[in-house]
């Protein structure tokens, strides 16, 4: 209980004193219990007054401070600072707002404004008497970060963090890094290939001694909280000894071993366009080491007989690491159309955008007559000239399009048009007909749209109430649509190839969301706390999102998010300790009868269960609690208090105001 | 059902379409066009037909003729797709598509054909004079009492009145040829715009009569053009059109009255008409040539080669006409006669090529298109009201 | 004049009440505020206490959708109101003496309207 | 010019949301930051918005806490009403430039923001923060949630009557203040100069300025804010409550006639948002949006757009060609309804032009000799978009937010994170 | 506190007030007076005020809304058609 409180009533020039009789206020409070002095000042915030307060606090041995002046929004921190400089705890300072909520709001009724000011100051004094000295709790933190996913997002974040001295564990489920970007070929706007970009990042990653890269690696479990996460990793062996690759003649022997491998699987790097063996060479991907696909390997041993260095029998390994923060960069999967969706899987010349990308990249399908210096594009043995592009497959599923993906996948319009232009540039005689639902080449990407239409690409459009239809008759694939741009008349195109412009869905992540306890949104992607206030933060303190794990993005946008996640993680943990808000829920251990309601109410997962004197009670995870107080009203036993807003403080204020 | 034919737009590029593929179908052009109305919305729809290769829809449309190319659409087009120029190109394309001989298309799309045909006719005209109407060697006595050259008396052995009759006959033959082609082309146009539409609309005969006044009204006034912003264009166009038509009528139908030996006083209608037409035509030529050279304003940004041929031919005709007049009133006998032949050698091919097959044909197509459009629209309206 | 206790929130509704003063938008001077971190952390006991101590009405100026802590703020605050109103009815109080509304940080006009209307209501019901 | 060079780790030019976010990120990583804002208050454009899409939370509720956090941060120094120019790179990789502080003729530390000066000032000019819809005084606090919330004297419009000086209870008015120039050094520079709003007066066929009931979307934005210029959403001509409002999209975007080929990314969504807000503010009103393509591409945008359709906002595909005024101030919009291909004329009583973003030309002139490269559209060139998106043509200078191209708020914030992260890497590398 | 010399004097030495600005301030004052006169006895909508003062509607809107901002004018209800608000002089 504070007994020597100093009260300062500010005139604010005349802004307060014109309407509030400050002398009357002083009279009313100067003799209250606990008040050691009460003064009137012309400008409480003036430097000289601040000095005077400090002097008073020291000389009069004050233990609490009340300033009745403007809104705390303006000067709470000024006077907390005064308190601190004078040697009393800053939380023993309380500000009474008698300007914005006093003299100004009630300038029409000065007498009542004075009355309100008196009560407000009394309430502030009452609160100060019960105020607790608080210090911000500090927890230690590990200056290490786990980054899940070594695509462009994960590698970017890893490099940022490592460059600023933080240790990074960069893991990827796959045996090769680069993620979706490495599959993408030439990219707008610079024309670099995705593989070039990811290889460059990979080289930087390998050079950086602060980064530990683990491929074939996933998260098994997570314990602990911000600053101190305990993570268990599972590492699937690559099946190749690193040293072996350096040996003479390895490349030839590997080639033979791949030939000898009897297992054919669809090559997901080419989105199923080609097949590969269970023993996969890197094929230009990083690291440039082959890997054994454990899921499909039959352990026949044929390869190992030919190529020493292949170890198909090595065991899975586990590794426990301690990190201060986690960045989730698990990326996206392209939407997989269901069988029969726009002819997919039923009509043979229907492919997805991603497959088409690989088709024009691989070059393996280039053949045929050639027209001048350019080759023709061949798919399934047929020359491709007219390509029908069907947009929004797996996105914006509203109206006649059935499905759960209501969102727009953002990147596909620009990407499809860029790809169509590439096809036009690289192959002879290509004609592109785009069946759109309104082209969404936002920002500078509008220039791709302009370029492609200038080149002669044709755009048709339907609204939600209709969609293009496909038919396959007599060896000809026909796409039809009622075209909004031509007075809703039905248009048809005979297409050599149909490309379904498929959007993004969250990448399957084997329950990572549950392990990390981070929520997903309606669209299935991981959700940030708030798109503007906390755009890369998750509800779990210390766990951040980077890249398309959060939602559809293009590469530049992905990089922006990755940089942001990295610097947020860095500023959170690099100091070695984390300062927390002192306002926090506190459990009265004697009163608590664990019912779990507080756990349910807490938006931050900051309530744990613990044993106390033979009973189960709630415990507040101080590193996660944000002091919102949502657990307070749900507690049947009134066993929770919020520091700074305890029952005592609030009730004393209510009483003072009601008096 | 419409089958998309992307290659069609390449064809229209030859008729002068520029950059129209960049159109993103915002409809701005149609909305700013003061002539675009409910039943006939353009230019976007026509541009769209072009991009998609909807040839039949284009051929049965009268819309390109309803456009007077004020340039507002192109000027305000956010994608700079030159919608106005596509209407121009489509007018050329339609002129070619009405022409059953196929010559028009050749003139428009081939430089060799375009210039070759003009040269050929020019040479034929010159040859005709050389063989059948050779010059009299003696300039004496060719000056009349006014001191001017006797224009009709320079052919050896043929006196003035007969000469005029011969030239008049030639004129009428030429007019017949022009009319034959033009009228048959117009019939073709009628088939495409009115008859093909029959599936949808049947036009009652009475309507043809009731709407006929429109034909003359629009031909005479070009009133639609004046709805476009910038009235000066309309004035200019009207001056040219009226001057040209006057001249054409006077020369073809009233030659004996126009081409007299006597030089009338300045205020005589014969001379007055000549001066008026010369002024109108010359002014238009100068303004448009300067415009095209400077590429000022939307309508002059792009010039098809036939635009230049047209302007040059018209200019040469006018120039030789003026010279002829000057030489004549100043009594310069030889100069007058040579210039007379040169004048005809330019005028005749211009009329033969331009009137039925090229630019000048719009003089007929435009008012007819309005007429046909009114027929179809009114028939459709009464059909709707009747039902 | 009826006395009203307003529970406002530090980040969202408090600035709106300040703004009302700044713009000289008057409301009854018998409206007092206590500011808390989030409107979904108000204990029913506090509200009941206010009534018992003589306040005629309690107004919760809630965060609404602008809540910096959780999107569930509105429903949680509504739960508190509902729960408290049950207690009020048990104690024989008019449940309409407790009101809530979301007040965004610049919604000063809305605040003034709400409390003035509330005051009028309370005056009438007295 | 003072001799003592001030030194910082980073200078952030522009105090909008991008500048604040960049500064906070760097300051949280223990870098000393100078935030330079040319306006009287920082906060940028965002502080003036109503609610923001697609979450519909109020812009001020998001911005003001961020502003106080920035203002309070021990590692951040803020200079408002200031410019940082003539920047040069030194051989050691650091930067130097001139910080110019313009006089506001008010002593910052003494002003309490009481607005007594405003009350007595007789000179009224158009309030730029209300986009000219009402007036403000020549002695004024910029806007109610300004930071710092203190007064300034607009000397250009001051009639030198001295009333403000007499009225100020804190003796904070000081007409003797002069422009101050200081040389400042920093390890790196972040350009967050933001964008310029397109001025649709140049599109004469829309009649902005001539027809008083044609307003810009920013003016509508202000009308929808609780601190709005009028007592409700009203027509600026005769203060009538509008009941049939039209939005004209792509005004100043995707339009080569005004030299702006790019899509502004935000106009569709803010129009969708304003439509929803208007439906709330004026329940009887009809809202029609004339659009080309609805670019609802971001997280939650498409859903937000569909929601507005569900609420009854009408969407018509077609660009408005011309606007004409009727005698009663109503406006006739002529457009082609693309779906049925007909030309239509529709009467509305208020027309909102959804104006786009243009590059802020200031970004190019910050550096001595215009050394900072711009792209073909006039935005700051991003030299490595596929690996380091915030990097510019000068190593050590980074770009955040709309200085590099049109962006919405979440994208601006993300790009500011990138600028801060790349700047931090640069600073660590140079040390 | 010691008597301070007003700093405005200093400013007046180096600065002239343009006539155009003086005229504008005067004009605003005139319009303001007109509006107040129109509202002397009864409330009015902006078209009504414009009609009775002969000022252009948009000028009345701008000035009246500015006056409202500075608490010189208050809003008093909506007309029967729900189209125009009534405004009156603020009670000071």
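We just call them A, B, C, D and E in the order they show up, numbering each chain from 1.
Basically, a contact is a pair of C-beta atoms (placed from the backbone, for glycine too) under 8 Å apart; a residue touches a chain by one contact, two chains touch by 3 or more.
Source: prediction; values computed, not measured.
Path length between chain A and chain B in the chain contact graph, taken as the least number of steps between touching chains: 1.
When you average the Cα atoms of each chain and compare centres, the chain farthest from chain A turns out to be B.
Taking each chain's centre as the mean of its CA atoms, B is the chain most distant from chain D. In terms of Cα centroid distance from the overall Cα mean, chain D ranks first. Rounded to a whole number, the gap between the C-alpha centres of chain C and chain D is 34 angstrom. Centre-to-centre separation of chain A and chain C, using mean CA positions: 35 Å. With centres taken as mean Cα positions, chain E sits 28 Å from chain D.
Each chain gets a centre from the mean of its Cα atoms; for chain A and chain E, those two points are 51 Å apart. Contacts with at least two other chains are made by residues 73, 439, 450, 485-487, 530, 533 of chain A. Within chain E, contacts with two or more other chains are made by no residue at all.
The multi-chain contact residues of chain D, meaning those touching 2 or more other chains, are 55, 57, 62, 65, 254, 338, 341.
Chain pairs that touch one another, listed by label: A-B, A-C, A-D, B-D, C-D, D-E.
Contacts from chain C toward chain A in the complex involve residues 1, 3, 5, 14-15, 17-22, 24-27, 29-30, 32-38, 40-46, 49-50, 53-55, 68-70, 72-73, 76, 79-80, 83. Chain contact summary for the complex, chain A toward chain D: residues 12-15, 43, 45-47, 70, 73-74, 77, 156, 160, 163-165, 187, 189-190, 192, 197, 200-201, 395-396, 398, 406-408, 410, 413, 438-447, 450, 463, 484-488, 521-523, 525, 530-533, 535-536, 550-552, 555-557, 559-561, 563-568, 570-571, 574-575. By the touch criterion stated above, chain A contacts chain C in their complex at residues 71-73, 97, 99-102, 104-109, 112-113, 115-116, 119-120, 123, 530, 533, 583, 601, 603, 626-633, 638, 642, 645, 647, 650-651, 653-655, 657-658. In the complex of the two chains, the chain B residues touching chain A come out as 1-4, 6, 9, 19, 21-25, 45, 48-49, 51-52, 54, 79.
For chain D in complex with chain E, the touching residues are 105, 118-119, 122-125, 127, 133-137, 155, 157-162, 165-166, 171, 173-176, 212, 229-232, 234, 236-241, 284, 329.
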